[in-house]
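Only one structure is covered here, and it is reproduced in the block below.
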Amino acid sequence: MDALNLIAAVQALQPDAKVREQTDQPTLIVPAHALVALARQLRDDPTLRFDLLETHTAVDWLDEDRFELLYLLASVPLGHHLTLSVSIDRDEPVVPTLCEVYPIAQWLEREVYDMFGILYDNHPDLRRLFLEDDWVGFPLRKDYEDDFMLERPE
Amino acid sequence: MGVITDKLPGVLEPVPGGSVLLTAVDQLINWSRSNSLWPLTFGTSCCAIEVMMATGAARHDLARFGAEVARPSPRQADLLVIAGTIVKRMAPRLRTLYEQMAEPRYVMATGSCAICGGPFMYHSYTTVRGADEIIPVDVYVPGCPPRPEAFFYGLLTLQKMIKEGESIRHPGERRRPVLAALPEGMTLDDIRKEMQDLLSHDANVNMAAAVAEGARYSSELKDF
Amino acid sequence: MSVHVSTLQARISGESTASSPLSTEEYFVNMGPQHPSTHGVLRLVLRLDGETVREVVPVLGYIHRGIEKMGEHGNYRQFVHLVDRMDYLSALANNWAVTMVVEKAAKMETTERIQAIRTLVCELQRIQSHLLWWGVFGMDLGGFTPFFYGLREREQICDIFEKTIGARLTMNYIQPGGVMFDIHPEFVKDVKAFISYLKPKLVEYDALVTDNVIIQERIRGIGKLSAERAIALGATGPVLRASGVAHDLRKSEPYGVYSQLDFDVPVGKDGDCWDRYWVRMEEMRQSVRMIEQLIDNIPEGKTFMVKPAAKIKVPAGVHYSHLETARGILGVLLVSDGKEAPYRIHCRTPNFNNLWCIGEMATGGRMGDLVAMLSSIDIVVPDIDR
Amino acid sequence: MPADSVPMPGESIETPTVVAPPEKHVGVGGAMTGAVPWIDKAGVVGGVFRGIRSLFSGMGVTVGYLMRPSTVVTQEYPENRETLKLPDRFRAQLAFNHDDKGYHKCTMCRICEEACPNVSIIITGREKPAVSKKELDSFVWRLDSCTFCNTCVIVCPFGVLRFDGTFESSVYDRRLLSYTLNRYAGPVASVLEKMEDPEARKAAMDPRDPYSGAAVIAALIEKQKATKVSQRAAREAARAARIAAKAAAAAAPATPPEAKDVG
Amino acid sequence: MSWQVKSIAERTGDLLPGSPWTAVLYVLLTILAVTAFVTVAGLVLIYAERKIAAHFQCRVGPMRVGWHGVLQSIADAIKLLMKEDIVPRDADALLHILAPVLSFAGMLLVMIALPMSPTVQVSDMNIGVLYVTAVSGLGVLGILLGGWSSNNKWSLLGAMRAGAQIISYEVSATLALLVVVLFAGTLQLSGIVQSQETGWWIWRAHGCGIVAFAIFLIAGTAEINRTPFDLAEGESELTAGFHTEYSGLRFSFFFLSEFLNMFVLAAMASTLFFGGWMPLHIGHFAGFNGIMDLLPPGLWFTLKTTAMIFLIMWFRWTFPRLRVDQLMRLEWKILLPIGFVNLFVSAACVVTGFYFFAQ
């Protein structure tokens, strides 16, 4: 009931948002171009107050040829959660950055760039976070190949 | 993969042309080196808690071995304890640290990660599978992480190696990378024999006889 | 130094530092990856003006092992043992986080006894972690003795864990469907003995460190972090609470048996190092309170609900759950495609976010302050890098 | 947290009972941080005396331990080897449960090998089709890579494996860290009693055969290389198929965008 | 009871006209003895520090090298002696080599002036206090040179901290010394000791002595770079401070001089404020004084110095470190004003003769 209310409240802000199935938290599929505006509204709306970007990561759906970006938002004063899901093309992985809304997104997005190669538009400092700058490939992509990596023998 | 180019560490070598006096001096120096192993404060992950902190703390007290003088600068340290996972990005730094240390320097690999990559052996794109691919390792202390007593046993093993094998004229010569695969032209029997030679230096017990006797009993018991 | 420092240099070249005839020069120092006070292999690039810190840029990746990639190639049980190595000082909480998301997604049943045991050992490990932090905090501020006292008490908890769990640090104890062993018959007795041992020691800690005038002078008013900035930077756990936000998942979204326990949430005022110090010291006392309430009331029941060799399959979809470790919120995001291995598993680790507060805090402070701040955040580097 | 326990938007969660830090200011009134001009600070004299007293109380704690040698908690390991008793559950060494005649119950079902997170157990053996049984050749356990997670022990349906607390395993050569566990752990007690030399008895009881594991691991490495080659070939085939499919899809009329959402 | 005070230098001077070769032999023996004393005292101090620290921390300390680890320091010394000695490629080699020698020499030169008993004092200069103050400042030169020549930023930071710290605290330490010089009316160290025949300055000066002693102890601890003032080598901040790049023998010079400086500080504190080798006397209370005289003066000196050393170790193993600006503030805003006031008050005391057992 509450989750439904939450979803209704967010859909009032962004009518394009669709509910993502198969999740255990209220999750909305948002078009990439509407992401920043929606996030800002979610943060500033006094009834929603999603002030904490709990985490941000990506999923590589290789078979469907797309990346799914997940933004897990939480509200510290109100204690509710919302996940935003953004799907982008695998060949052209560009999304707008959330740095201006959530400062921590700067490093979370650097991590996702490091692991998946997703490019964030307007990111102030888009560098690799964990790997060396001259690393070839993006390890968490499903088609990543590495001569160094050992497969488990079976 | 790797090749063993040298003998196992810890084997006593006769010193060519060495005199009695020099041998005594050698022994004194080896004694002092083995009893004054100042570790470098270096730890990468979980093993650092057990091997660098818990051993130094009151319950186990590394100071009993004279090794509590943890030096933060590699120049003054004698012992590099590789406590934790070494990843590709850290590998050149580890090499630098090792090169910055002054001879004689000893290396202990503690925990599965430092020995062979441990839990991160498969499907990890960064973990170096064994610190001995980067720097020569003297003593391996297995465990994940090894309990402090296991570390002390490793330290005793290292002390034994220094007392028996190290010579001031050949600092660091015997320590080469040893990898998992067997080298060409070397059979398991060779290793067995070397190890038995090593064990037979233990003056108190006739280990060779003991091992032989044990083997005889085992073969008898196979008929059960 | 590669790219990071060159960008930094480009940034300062615009500023004019020589305003007086006696001009000074800013310089860069690499703190780490091997440095005694970075607690592992963290590297901080410092821009210093004499002793004053102008800018701190953390450089990560010196212990990035790709745990998330490895998780995609093993089953759920195998992933549990990997997260032990993430935040090894709260290994049990890490196990529990993975277990929680798997149990929630696969709709596995647990008993009250399992939950009570999990809560109990996690609180014990929270004390253990804070004890270690207390010792290391003292050592980072230059006093060696707290380290030895803190670890002396920690060993007692290690003994309890060794008896019940069989390991000292990396436990792999909390499994999907239960706990690996039932508690040892002497567990209750040992824990009670330890609690009565610890209480006077906490008073002694106050005499040795908390009330010490040098400590007070060094950590009061240092490294302030306002509540708004703390939330914006995603800080959680004691760092967030020290900034005055009473956010504790054990209260707001109780898991385990926390809803039945009576405890307070320590909250700081200014968000300085002293508040963080005090919050952790008080958390130890609150954990003692929780253990005292729980230790005599462990319900009876089974401790393992599924066969250990049984294969676990999680229905397809996105699952997320989180809990409060000694350092903050640890969340596990599990994307499943219905197979035995997760399709994608991501850990939201507390230290990752907490570390970035150092850039905010340390600017304008001294070198010595930086060490105190770094220590007051209580980072575990493998948890950041994963 | 289940979705239906999310509070209503706008509804505040229950505020937890909080504890706030004490007001009592210990210290010399900011005299040393320079936050406050120390002369102006009221009660600075009291602050200074409290500060000095705090130094002495700290010194009292440390000297209290110095004066009481009974508070020394050190366990001197190599000296206390005989009396050191580890808890039963402590995990340091995998071992087979042999009965006193030297038999074990391993049926080579390979459940432990599959459950092991990083292939620290390598089982080699032969099929015996005649009796529809398998014969265990060697059960190699790699101490160097073992993470002591206890999974193999709890999954074993026959209770063959156990962990014991023998932690003294340091070596000079990491090849020596692989043991063949199915060798008989030791002679029966009656035979052991006949052995007078305690060292020989100890050697005979040593359950570990440190050398034969290395060959198995060498074979494993070869196997790994082969696996890598074959898996790479499979991956490349999949990739080529994907590229071909994509080209075909591009040639075909564009699919509606709803198809991209996860069903 | 009057003490026959005669230093080794004076005795050599007596020998010189009669038998010059004996005098030369005497000098050589003295050099040998000082060297041996420095080495042995250093090793003993290191061992004592490790043992005492261990017992402060509920541990046992070195146990396995010799009985209760008594040979531990010897093993360390031999190891350091035989360790490779690295001069970094980009270091200033000459200064890098010179620095530890300077640091060690400063400590060694102070050792010459210390009155350990009426007859054990190498040279009894009439400007002893001035000499000690001047020569002990040589150590900071070694530290500065070592830090600068290492071509390492941590070393440089450590050296700069040490330089600022030692030079600042030198002022307070000297002010505290001057109080005793005022009361004793002499700069000669043996004279200062003899002036305490009717009682130690710590209690005879109506509190001025206690204040001066506290200042001297704090400033002295700061001068020898020990916790809570070990900023120059605070390992949690500066890796290893000024000696980051030193290894082997040269590092052991720094290491040894750090410990022997502690001895020098303790000896100076006991000489100035606790009467040095002078037994505990209370005025002209002959009975009591006679009982106290039964212990030889050398033993008194040893006991007092040991107590001082223990106090300094106790500080180290209890207190955390100060921050660099707090350190400076403590010196210039707290210790220095108090020191000046104390000096004026004691000057007034001396002028009016307002102290116990004034002449």
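All chains are identified by letter, namely A, B, C, D and E, in their written order; residue positions are counted from 1 within each chain.
Just so we're on the same page, contacts are C-beta pairs under 8 Å (C-beta built on N, C-alpha and C of every residue); 3 or more make two chains touch, one makes a residue touch a chain.
All values derive from a computational prediction rather than experimental measurement.
Any chains in contact with both chain A and chain C?
Both chain A and chain C are touched by B, D, going by the contact rule given at the top.
So which chain is farthest from chain D, going by the mean of the CA atoms in each chain?
Result for max centroid distance from chain D is chain E.
From the centre of chain A, which chain's CA centre is farthest?
E
Which chain has its Cα centroid closest to the overall Cα centroid?
Nearest to the common C-alpha centre lies chain C.
Look at the interfaces B-E and D-E and say which one is made up of more C-beta pairs in contact.
Pair with more contacting C-beta pairs, B-E versus D-E: B-E.
Using the average of all C-alpha atoms in each chain as its centre, how far is it in Å between chain C and chain D?
19
Chain C to chain E: how many Å between their CA centres?
Taking the average C-alpha coordinate of chain C and of chain E, the gap between them is 44 Å.
Could you work out how far the Cα centre of chain A sits from that of chain D, in whole Å?
So the centroids are 32 Å from each other.
Tell me, which residues of chain B touch at least two other chains?
Only 41, 57-59, 61, 64, 72, 89, 119-126, 144, 147 qualify.
Out of chain A, which residues touch more than one other chain, so two or more?
Where chain A meets two or more other chains at a single residue, that happens at 20-22, 24-25, 79, 131-132, 139, 144, 150-152.
Provide the list of chain E residues touching at least two other chains, using ranges where the numbers run on.
56-60, 63-64, 235, 239, 317-319, 322, 325-326 - these are the residues of chain E that touch more than one other chain.
Between which chains does touch occur?
A-B, A-C, A-D, B-C, B-D, B-E, C-D, C-E, D-E
Tell me, which parts of chain B touch chain D in their complex?
It comes out as residues 1, 8-10, 58-61, 64, 109, 112, 115-122, 130, 132, 137-144, 146-150, 152-154, 156-157, 161, 178, 180-182, 188, 191-192, 195, 205, 207, 209-211, 213-214, 217-218, 221-222, 224.
Please give the residue numbers of chain B that touch chain A in the complex, ascending.
Those in contact with chain A are residues 88-89, 121-126, 129.
Touching residues of chain D toward chain A in the complex: what are they?
Those in contact with chain A are residues 1-13, 118-119, 220, 223-224, 227-228, 231-232, 235, 239, 242, 246, 260-263.
Which residues, counting only chain C, touch chain D once they are in their complex?
74, 77-78, 81-82, 84, 104, 145, 152, 155, 159, 162-167, 170, 172, 180-181, 184, 204, 207-209, 211-214, 216-217, 220-221, 246, 248, 251-253, 255, 264-269, 274-275, 278-279, 282, 286, 308-309, 321
Going by the contact rule at the top, pick out the chain E residues touching chain B in the complex.
Touching chain B from chain E are residues 50, 54, 57-65, 69, 71-72, 74-80, 82-86, 235, 239-240, 243-248, 251.
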